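First subunit A sits with subunit B, and in the next complex the same chain sits with subunit C.
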Partner chain A sequence: MESLKDKVAIVGMGISKFGERWDASSEDMIIEAVYEAYEDAGVEPSDIQAAWVGTLRSGEAGVTIADPLKLKNIPITRVENWCVTGHEALRNAALGIASGLYDVVLAVGFEKLKDTGFPGLGTGRGTNPVYQAGATAPGYFANIATRYFHDHGWDNERGKKILAKISVKNHHNGTMSPKAHFQKEVTIDEVLKAPIISSPLGLLDCCPTTDGAAAAILCRADLASSFRSDPIFIKGIGLSVDPMLPTLRPGFDYVGFDANRNAARQAYEQAGVKNPREEIDVATVHDCFTITEMVIYEDLGFSPAGRGWEDVEAGTFTLEGDLPVNTDGGLKAFGHPVGATGLRTAHEIYKQLQGKAGLRQVNDAQIGLCHTLGGTPQVACVAILGNTKGQ
Partner chain B sequence: MESLKDKVAIVGMGISKFGERWDASSEDMIIEAVYEAYEDAGVEPSDIQAAWVGTLRSGEAGVTIADPLKLKNIPITRVENWCVTGHEALRNAALGIASGLYDVVLAVGFEKLKDTGFPGLGTGRGTNPVYQAGATAPGYFANIATRYFHDHGWDNERGKKILAKISVKNHHNGTMSPKAHFQKEVTIDEVLKAPIISSPLGLLDCCPTTDGAAAAILCRADLASSFRSDPIFIKGIGLSVDPMLPTLRPGFDYVGFDANRNAARQAYEQAGVKNPREEIDVATVHDCFTITEMVIYEDLGFSPAGRGWEDVEAGTFTLEGDLPVNTDGGLKAFGHPVGATGLRTAHEIYKQLQGKAGLRQVNDAQIGLCHTLGGTPQVACVAILGNTKGQ
Partner chain C sequence: MITNKVDRKTKLDKAVGIVAAGAYIPIYRLPRSSIAQAWGARSIGGERSVANHDEDSITMAVEAARDCLNGVNRDTIGGVYFASTTAPYNEKGCATLISAVLGLSTNILTADFAHSIRSGTNALLAAIAAVESGQADQILVVAADIRMGYPKSVDEQMFGDAAAAIVVGRGTSKRKILASIDGFLTHADELNDVWRRDIDPFVRSWEDRWVIDQGYIANMRETVKALMMKEEIEPRGVAKAVFYSPNLRSGVSVAKSLGLDPETQLQDSLIASVGACGSAQTLLLLVAALESAKPGDRLLVAGYGEGVDAFHIRVVSQIDQIGGRKGVDGYLKSRLTLDTYQKYVMFRGLTSLPPEARLRVFEYSGATITWRLRNSILRLNGSRCNKCDSTVFPVQRICYVCQRRDDYIEVPLADHRGKIFTFSLDNLAGGVNPPVVKGVVESSEGQTRIDCLMTDCDPKEIKVDLPVEMTFRRMHEGADMYNYYWKARPVRGDNGLSSK
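Up next, the complex of A and B:
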């Protein structure tokens, strides 16, 4: 068992405008994202030797995207893995390159949620849905928040004030992302006074329902310099499926997820990361709710267990902090068009590591991490990228 | 761009009973297939480092199969690609091994069609369905038969008699497959007198609607001998998506498919096959309808273009012929539980190349081919397997 480290480079990326895209079809959004990636990499559609497309519920897309993307007679595979779907497109594309069979491939993900009757992500389990009253995603993560507050001896007022800082941070970062769904500041007071969705979580603790697409062009690392002077290298990709819904496991503590921890462990091992807090310079993580981002800090080792809130209070994860998280505004600003999200999180890290993140650029970012979490939560993916070989 | 050739071995396979499995859930069938594969390979669930699961419409299965298969905290990815879905599980698992990241992985595919309201596969195009009156799979392939008959100057009686031989052959082979859905002989007369489904195709020209699952354990080729004395090696896997529905392309000849030809070309190049008729010893192909098997003979180069029927008349593709095709009975006997089919076709080749195909064993099979076709038809996969490295 070898590592992926430095075998695969990303040489182009693109994202569509994220938002309520009533005016655009799935194909329109895919074209926006992929042609931006083609142009960024300096490739033609005929250079692409294989493709992977991620979508959860926007159709059987493998055969659909060939025509709009001008992909002729190559393999195009649809991948799906709940909210980790976009990361699966990236991961399988990377495995395709590392296999030696393909030199240049495309990963693309998209989702159309606004005009397809999307009812929200439930807590079903694939072929055996376990639907329960209140078992929606907000209801599930509200339980996590309630438990987190309880463990720290906080009342809702105290707990919500801390979570609100995550919302304020991500909304602020989103104002510097021209393609984000939301590009407006919110205040602590606005977050605290927002309508309750599932107590203690209010509207501004939750990510919106959004359409979008994102894409990456990957190639063999040894070919990367022929495409651009600043390729980004894949250092490791971990993915873990928890065999049980955490809530079905006796002793589940409701303040963290094995899927996160195991995906991170795999990725850190591949990348040779021993101390993520020190070694990761910038990260994008799955802030479907503010409390989710909080427990992710702890699951990924950015903060000690139970102490993510101290780092929130200290501003560690702001743009000016030691470890900026969700520098583009995260799911809070970009929403969660499911198949797109993993590639959108990778897009931000790609831009940060190239020093091309505009107003939201962090200083001297060399190693970045992107993360998604899905299945309430039963599956997580962590990818680590770097801007130099051999880091 | 290297080849997959001899990088990846298959060291265990299993299939469930195929049929009307009203008594069994998807999990039941997956367990039948995968535990047979575990036993065949001599592995424990804890030996599996990553998995790929293929299903078209039986749910978001990546997180669902972990528990019944005892897969703990590893990556499990759902893949989908119309009727090629089962082959995608095999292909992506093979890429995972060839990448170097994993040493031992699982590919599994399944579909539950009988009790899920399955309406038949239409001719929709993913996110942009093009449904038309009569545009069902039988209606589509009936057009292919009509054109094939016309090109050869045959009336329906003459044409149907030739196609009937394919049905009789596959039903005969199915009698020797204990896990096939149908295990009964049919006569030419029965095929000709069967109710018309879409003229000229009758009931016995069509594959049935079936539940089933199939699985494979793959490992690095250099580790294969530690699992078994008769591993099977992957020589090449081609997959091609046609960017257009063939029927939308001006000049489409209705007697063959670019997806088949391009997938075969990719696989032959990887495997170093120059003359498939001579070099392939046994094959399983996508006989969703008798006419489909006929045009596949020609698309894959088993027969010259327009002359597959002469080889049917000569018995070339029977168990005793020069190039036995669908030795296990094909889709005609096993039905087409979509996610399972590609792996079921691979299972037959695996058994034939090991000399373990029982009553249906062909003589001295060393190189075999399995094929699936999907998307009316816009996508095809061809995998070539061999029982010796370096062939």
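Up next, the complex of A and C:
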């Protein structure tokens, strides 16, 4: 099995403004993100040889981007893999380049959640009329928080205080991201006093419901320097889909997820990362809820199992810490337009590794990681990016 | 009057009788003062049971039947007779659905008895006939009602929701009966005292004195008197009179008119604590009477509704305190106060929720899907791998542990208890009684996990490791059908004896 390492480069990226885009359609946001990526890469629409588009529910088939972008007669595939959908567009585009069939391709992800009239992601349904009835995304992750608190012997007050620090950090980082949904500081007290959405998680433990789009132009690594002086190279992409809903697995402990661990292991192997805590300079992870980010620290090896909270207390993951996480504000500040999220997390790492992250720039970032997680959870993707091409 | 032809020479323990008995009373009790207060009316005192928003006559019947079948070999049940005036379907047999949920044989009699508040004892009569004729070895009779009185009416306070179940069978050398049915007598009297047209949501009635004096009391007195004469029973020979009663007083009047002492010889009507529960009431009172009866006790049982079905029943053995059997006593003691009348109004769908507060669930269903998945949906069946012995829910063709294909046995998990592994209290999901309590249950069967909604609980009391049991509930109306499934609830009315 070959590694993806250093075969594919990202030479242009763009993201739309994320937010409640009452005035903008999916098509408007796709054009916004893709033309920014074209401009960033210095390519014309006619340079694109193939494209992948990710959306959970806001569109179907390749025509979803062919129509607004007027992409002419090229192969375009819609991909979908729950909340990992945006990463799936990136991954398939990278595989297309690595296969040797294409030199320059486009990956697009988007979601239009604010046309449904529903203040949040819909409740679970799957393909069964009753098994998931009444289930909500916050509910699934509240189950994780309840169990994490229980295992640590914390009452809700203690547990929520620790989780609140993650929300405060991500909101703070978001103030430096002009395209984020929120640019607003919050205090621990505000997080603790926010209305309960799904106990123990309150409103400020949850990411908002947001519209957005993101895009990337990928090319063969050996062609990257012809597009720009600072291309970003894909070092590895891991994707893992669990064989059965964790919630139904006997013995499942609810405080860590196989999908995360397996996706990370695949990506680390490809990239040659041995000690993620030391080797990763900056990361964006799937903080759909504060508890999710906590569990991810442990699953991705940033913190020892069960001890992510100690690093939260120590400030390890703040902009000034040893391993800044969600430097752009994460899902907390950007929301979770499902198809866009994976490419949005890649966009932040892309900018950080180029040294173009503005006020939130991490010093000397060379290796970055972006991550998404989907389901209850059951699907995860980890991509490692670097700003130098290995030999 | 039609009377029975019981063979007097049959030995008592070989007679046709009651083999098992169970009950169900919803957990919510609404103080009648709350209803009175809401309307500026006078309270008739006490409290009434209120079915939860996810309950109907089918789900309550299932609960009573499960209580009754505790310790009974379900393969020996030859029929299900369901009685209700409030069946959720106008066209579709409920007994068949109930038998499927209970996992009974498909080669059995299933029949619905409807319309009359006497339908519960009508079903009992039919069950006796089926067993006597040899048509079935044992018949499960189950009655449930969830009647609604007009808002502000006395009926609204008086009615309660409940279910009761009885297995009728013949005693054998291996099967002990609880009580023998020695005789019966039935009488029909066409009159409009209480009724509900096919288009009415609420029970209607004529003038109170007509309903009680000419309808209920006259019929009950004459029929029971005739039964006592036929069976040669003196008032002093009656251990308990088990009389349907539409209110607190009228059953007492009937007892007095028959020379019985209401203080010592009349089974409590449960009107004060449960309410008048229609077709289920007489059977519910009979179950209650059996719970406190001694061998040799003689019971007079009479159910009313356009006439009377009266029975002479002799108690043969003490009701078994099988672990997990809750009975009237257990369910009566297990209660939560419904804190407002408005919740009753919401539960019964008597007003509309604002659209944004409705349960935000995709009401998705299909007749074919629910049929294919019937074992897991109706029976809560999981699969236990024959190779590695791991059990998972729902049924999986390929074992998730060892990937063995199509080599498993199905395990019904509905009757296994469990404990809460983790949970959430969800305000986003909406519904009539937020928060929605979502629980992950670890079943006592192989630590199998069931990820489901919880019901019948005070959200503040939910915690990790709380013991729970499964209960059959109505989920939603996707595809314009009632979609049923299982939820978890904190264990109710436990008698403290060992159980699964």
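The definition used in the following text is that the second predicted complex is superposed on the first by the 368 of 391 C-alpha atoms of A that agree within 3 Å, B and C clash if a C-alpha of one lies under 4 Å from a C-alpha of the other, contacts with A are read in each partner's own complex, and residues count from 1 in each chain.
As a working rule, a residue touches a chain if its C-beta (ideal position, glycine included) is under 8 Å from a C-beta of that chain, and two chains touch if they have at least 3 such contacts.
Note that the structure is predicted; figures quoted are calculated from it, not measured.
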With the two complexes superposed on chain A, say which partner A:I196 touches: subunit B (first), subunit C (second), both, or neither. second
Can A:G42 be said to touch subunit B (first), subunit C (second), both, or neither? neither
Which of the two partners, first being subunit B and second being subunit C, lies in contact with A:V379: first, second, both, or neither? first
For A:P178, select first, second, both or neither according to whether it touches subunit B, subunit C, the two together, or no partner. neither
Could you let me know whether more residues of subunit A are touched by subunit B or by subunit C? B
Should A:P243 be classified as contacting the first partner (subunit B), the second (subunit C), both, or neither? both
Between subunit B (first) and subunit C (second), which, if any, makes contact with A:G315: first, second, both or neither? neither
Should A:T136 be classified as contacting the first partner (subunit B), the second (subunit C), both, or neither? second
Where does A:H150 make contact in the superposed view: on subunit B (first), on subunit C (second), on both, or on neither? second
For A:P304, is the partner it touches subunit B (first), subunit C (second), both, or none of the two (neither)? neither
Of the residues on subunit A, which ones does subunit B touch that subunit C also touches? 125, 127-128, 243-244
Show me the residue ranges of subunit A that touch subunit C in the complex, using the header's touch definition. 118-120, 122-123, 125, 127-136, 138-140, 142-147, 150, 195-201, 243-245, 247-252, 254
In the complex, subunit C residues that touch subunit A: 359-362, 364-366, 369-370, 373, 377, 390-394, 396, 400, 421-429, 431, 435-436, 438, 440, 442, 446-451, 453, 459, 464, 475-476, 478-479, 483-485
Interface residues, subunit B side, partner subunit A - complex: 1-4, 7, 25-27, 49, 56, 58-67, 70-82, 88, 91-92, 94-96, 98-103, 112, 124-128, 238-244, 258-259, 262, 270, 374-375, 378-379
